[in-house]
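Consider the two complexes below, in which subunit A is the common component and subunit B and subunit C are the respective partners.
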Partner chain A sequence: MPSPALLVAVPLIVAALLGALRKLIPRWVADLAAVLTAAGNLAIACWWMAHALHRTQVYWFGGWFPRGRMALGIGFTMDGYGCGLAALAALLTTLALIFSWKHFESAGGHFHPLMLVFLAAMSGFAVSGDIFNLFVFFELMSTAAFALCGLKTQEPAPLAGAFNFAVTNSVAAFLMLTGIALLYSATGALNLAQIGLALEGRHDRLVIAAFAFLTTGFLVKAAEFPFHFWLPDAHSVSPTPVCVLFSGIMVQLGLFGAMRVYATVFQGCFAGTGVPWLFVAIGAVTALWGGMMCFAEHHLKRLLAFSTISHTGLMTLAFGVWTKAALAGLFVYLVAHGLVKAGLFFCAGILLHRFETMSEPALFGKGRSLRWTAPLWFLGGLGLAAAPGFALWAGETHVTDGAPWAEAIFFIAGAMTGAAVLRVGLRVFAGLGDAGPVDRSAKVDEKPETTDAGRRLSPVLYAPAVVCVGGCMALAFWKGTMRVAEAAAASFMDFRGYAHMVYAGAIVVQQPVAPHDLLTRGIISAVLRALAAVAVALWAVLHLRVPRELRWPSHLEGPMRPVRELQSGHPGDYVAWLTLGCAVVGVAALWLGL
Partner chain B sequence: MKRRHRLLLFAFGAVGIAFVYCAGALNMPAWGQYRGPYGDAIARLAVYQRHATDTVNAVTYDYRGFDTLGEEFILFSAVTGVMLLLRPEKQRAGEKKNQEGGNPASFRDRAALSETVQVFTTAIFGFSLMFGIYMATHGQLTPGGGFQGGVLLAAAPMLLYIAENTEAFQRIVSHPLVEFFEGAGAAGYALIGIAALTMGAAFLTNVIPLGMTGDVFSSGTIAAISACVGVEVAAGFTLIVYGYLREILSRAAREGQ
Partner chain C sequence: MTLPADYPYFIAAWILLCGLYGIVRSRHLVHMVISLTVVQSSTYVLLLAIGFRQGGYAPVFAGLHTGVKVVDPIVQALMLTDVVVETTVVALLLAMVVKAHEKSGTTSPDDLRFLRG
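Let's look at the complex of A and B:
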């Protein structure tokens, strides 16, 4: 039985040793050690997930079992949801490290240690059952991410992007710490189960203020509107393997932190109040805003970053619905989106390696020679639109079951982000229409990140993208996907069972979940959405001869000056928005929760 | 966004946050109404269970030692990040040749240094080292511990810099072993945790004999971890100093050309 501590300890030890010996060991040793470590994490996380689906597993560090109700030490609580995210983090890290094998600039040997520390932090964050431990891993994740974001120091832009990222996320960490302190003053506890039991469903102003600060802190990491401004800046300057981890799992872990704290600490307090609707509202605005900005972008990494914002908004909406089916759908959607987005970033990385630019107009028609990248890119675009045959579709169907308004938001956001990716594909790989408008972000000069940029493509560049896109499609066709997700969601929502496991380690009998067959019903809207995405993309590319007023895809692609100026790149602006957003969340929670 | 608009936006947000915070804080337990049984329990248990007279370190290195492992690696990745961001220009461009910058002595304002300072800083160099080592090894007995001791140790070479013994300073901070110790100290903490696993106990269980309360070699892994952290912190801060110094030197060399 592998100890769950290995999820964190092994990557940390390997990172420290790679850092200590970075001048002595050859590149291939660092590559191999990092890939093997990440793959080992994947195996351990999958092993624990298989067990956690039957019953939540608890592990006390230092052997400090709780005394009565008081947790003396720190515990990991491994449930299906957390282990699943740890496995996704390990899978994406493995693929990102394979992608960077040998070719990728390793920044004097600093790249591998930071990637492994990042992996350890994400794994620990996913399965921790202690609120302060969550904060520590949040910080560790951030510190490694700031450094990885500024990897390409030969340009000034990466430093600015990493700086904005660091400033906003540090403010988020302060907010979180304030929330933790408020909770501690009320309960004297740091263990999530202990806090939840101590609060006993009280929802006075203290609890609501703690909720507002903690949630805002997590939602900054989850890049929800209006806390999202740092994310496109960070993505446009980060190297490809780092983008994969940011978009595929780190942002979603921010949301997961908010979910975990809600499920354990605040669920009993806010049951029957309107507080979950707060998440629905934030998620809906973020999804639509991200979709719009995504279509307006012409820098490939920024475009994908805005699509991440949009899709994480959809996940936040699903979280706010807070039913078993919605959380199961959210789980599938999260994993599937992580895979598809990682695949698209790998494709973007291949384009950057081959043509040394990320600008859509500059890439126009150049991709025709890439026979393998093109289909992967188009499949990824359809996947983002949650077309049938991709697991996002299965997840979406469960979230929107019986909620036509949610279906409408999923439809618009999915179609917009899918259309943006397909539009890029049509221009870059098929050379249709013209090069498209040139805007400020498309002019950003991107330096190559590989040591042999422009040369032939080796299979290590393709393989990760194939695994990601293929994996997302396989999940859609595997019969067990929804069953696993529903078991994970059921135990995630069940706080009584969670607390029981933490204190007694007893078996909780779970109600069997009736198998859903929603897919046949959802297929019509999924097909329509995919068709809409293709139609909008073609519409934008081909400049159909229709009256000016009807050419809205071209308008959306155009300057959109007032909206884009919000994304000013000034950290002060971002912090001002963050402050205002936190205040709105707090006041709204007081209004809804009291 | 104009500066005025930004400030206005921030002001609205800050007022809102202050309102929410005050609403919450006014609901806190009254002054003196301590609701945390944890502190009381630890104060009673730590000496008995862990033979550690400093309960703060018993919490940071034992009861909640897993958090401190994370904190230590926050420092590790911060140092790695600084070294990455400040790596030499040539290395950044991917070229092999590594050009050394100027001499740190040239940046000191020679006239500003009095002899008293020079003599005194040299004299307390040894004390600083000794005090750092004492701090890092006595964390289980008295306030202090690895983090504090490590910072004191890292301050010792700076005293040499102030004393204008720049040659010795540079020899210390640019030594390749510094980087090795930084990683080894960080790995050591996690390896102590793994050692417990090999004995069939949970990660970071205190498996070393606890010894006599009040002894230097007491409290088991608390002392060992504290020492590891001391090595890591001392080396980490030295690396940061080295990174910034190298950056200043290469910038000055560029400007001089």
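Let's look at the complex of A and C:
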């Protein structure tokens, strides 16, 4: 049985060694050590995923078991949901490190240690059963992320992006710590299960204030409206492998933090109140906002960043629905989205490597020679639209079952983000229509992040994208996907079982629920959504050939201008939005929860 | 005049708001980083206020018998962790400010807005 502590300890130790020896060891040793470490994490997380799926287990560090109702030690909770996310983090890190093999600029050897620290923090965050450790891993994850984001210190733009990212996320961490302090003052506990048991049924102002602070802190990381402003800035300047981790897993881990704390601490307090609707509302607004901004964008990485915001909004909506089926759908949607988005970022990385630009107009028609990247990109676009054959579709069907309003939001957000990606594909790889408008963000130029002077395309650049897109399609066709997700969701929601297991170490066996067959019902809307995405993309690309009265909003240029101005690039504005959002969350929780 | 027992909480809230105001209205990146540490100070005050016991001793049991009332050592440990973590972040942010000044010759957040729209 591999110890869960290895998930955090091994990457940290290897990172320390690589950092200390970075001037002495050749590049290939650093590459190999980092890839092997990440792959090891993947193996451990998968092992635990398989063993803890039906019976959650708690690992107490140093054998400090609880005495009575008092949790003395620090525990890792190995359950299906957490281990699944740790496995996704390890998989994406492995692929990102393979993508950066040999040619990727390593910023004086700092790249590999930072990636491994980032991985350790994400793994620890996913399985931590202690609220203060959640905060520590949150901060460690943030600090590694800030440094990775600003890796290209030769240019001012990455510094500005990393600075905005760092300021907003640090404020979020302090709000979170304030929430933790309030919970500690109310219960004298830091273990999630112990806090949950102590608070059960209590929903006074103190609990609601703690809820508001903690939720805001996590939702900043999850890039929910109006806390999302830092994310496009960070993405448009980050190196490609870092973007993969930001969009594929880090943002979703922020949401997972909010979910974990809600499931274990606040579920008993807010049972029967309207508080989950708060997440539905935030998620719906974010999904639509992100979808529109994504379609209006012309910088490839920034466009994909807005699509991440939109899809994480959809996941937040699924979280607010708070049924077993919705949480199972959310789990599948999260993993599938992580894979598709990673695949798209790898494709963008190939374009950046080959053509040294990320601007849609500048790339117009240049991708005709890239025969392998084009199909991956188009498949990724269809995947974002949750077309049949991608696991996002299976997840979506479970979330929106019996809720037509949720289906409408999934339809619009999926079609908009899918259309934006397909539009870029038609322009870049097929050279269809015209180059499209040039806007300010498309002019953010990027220096090449790879050192290969010949700009050749080696297989290590393609392999990760193939694994990602192929993996997402395989998940849709594998019969076990929904069964695993339902088991993970059932134990994740079961607060009593969780607390029981933390204290008694008892094995709570979840009876697997037979997944109902929703796919045949959801297929019509999935096909329609994919067709809508293709139609909108074609309309945008060929907008000069459509009748004049249909032409004006083809890129949402006019109507979106005032909205896009809100994305001001000034960290002070972002923090103002954050403060306002925190106040709104607090007032709404008071209104819904008291 | 005696202060109400919960006045440290109001001080923590006030410091939090001062720090946030400082970040929002900042015109210099170093000022913004320092405002961030002001926001952080509010969490120190809050944590210490939560752990405080009227008439309690410092939680060092050398020379004290175990029945003595002491202040809560856990929040002090949390605060120390918080200090360590945030020192790292502030060091990183200040390094970025130095680099930004080197590359673009400005330390005003208004002039560093390369990423808009």
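By definition in this document, the second predicted complex is superposed on the first by the 575 of 594 C-alpha atoms of A that agree within 3 Å, B and C clash if a C-alpha of one lies under 4 Å from a C-alpha of the other, contacts with A are read in each partner's own complex, and residues count from 1 in each chain.
To be clear about the criterion, a contact is a pair of C-beta atoms (placed from the backbone, for glycine too) under 8 Å apart; a residue touches a chain by one contact, two chains touch by 3 or more.
It should be emphasised that the depicted structure is a prediction, and the values quoted were computed from it without experimental measurement.
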| item | value |
| --- | --- |
| Partners on subunit A (subunit B, subunit C) - clash or fit | fit |
| Touched partner set for A:569, first subunit B, second subunit C, both or neither | second |
| Partner chain(s) touched by A:590 [first = subunit B, second = subunit C, both, neither] | first |
| Broader residue contact with subunit A after superposition on the shared chain, subunit B or subunit C | B |
| Partner chain in contact with A:236 - subunit B first, subunit C second, else both or neither | second |
| Angle at the Cα centre of subunit A, taken between the Cα centres of subunit B and subunit C once the superposition is applied, in steps of 10 degrees | 30 |
| Contacts of A:156 with subunit B and subunit C, given as first, second, both or neither | second |
| Contacts of A:147 with subunit B and subunit C, given as first, second, both or neither | both |
| Partner chain in contact with A:120 - subunit B first, subunit C second, else both or neither | first |
| Partner chain in contact with A:132 - subunit B first, subunit C second, else both or neither | both |
| Which superposed partner A:174 touches (first subunit B, second subunit C, both, neither) | second |
| Smallest separation of CA atoms, subunit C relative to subunit B, angstrom | 5 |
| Shared contact residues on subunit A - subunit B and subunit C | 132, 136, 139-140, 143, 146-147, 150, 153-154, 159, 178, 182, 184-185, 565, 568, 570, 572-573, 575-576, 579 |
| Residue numbers on subunit C that touch subunit A, as the complex places them | 12, 16, 20, 23-26, 29, 32, 36, 39-40, 42-43, 46-47, 50, 74-75, 78, 81-82, 85-86, 88-89, 92-93, 96-97, 99-100, 103-104, 109-110, 112-117 |
| Subunit C contact footprint on subunit A (complex, rising order) | 132, 136, 139-140, 142-143, 146-147, 150, 153-157, 159-164, 166-167, 170-171, 174, 177-178, 180-182, 184-185, 190, 232-233, 236-237, 439-441, 444, 564-565, 567-573, 575-576, 579 |
| Contact set on subunit B toward subunit A in their complex | 1, 6-7, 9-10, 12-17, 19-21, 23-29, 34-38, 41-42, 45, 62-67, 69-71, 73-74, 76-78, 80-81, 83-85, 87, 91-94, 176, 179-184, 186-187, 190-191, 193-194, 197, 201-206 |
| Subunit B-touching residues of subunit A, taken from the complex the two chains share | 3, 5-6, 8-9, 12-13, 15-23, 59-64, 67, 70, 72-74, 105, 107-108, 110, 113-114, 117, 120-121, 124, 130, 132-133, 136-137, 139-140, 143-144, 146-147, 150-151, 153-154, 159, 178, 182, 184-189, 204-210, 212-213, 451, 565-566, 568, 570, 572-573, 575-584, 586-587, 590 |
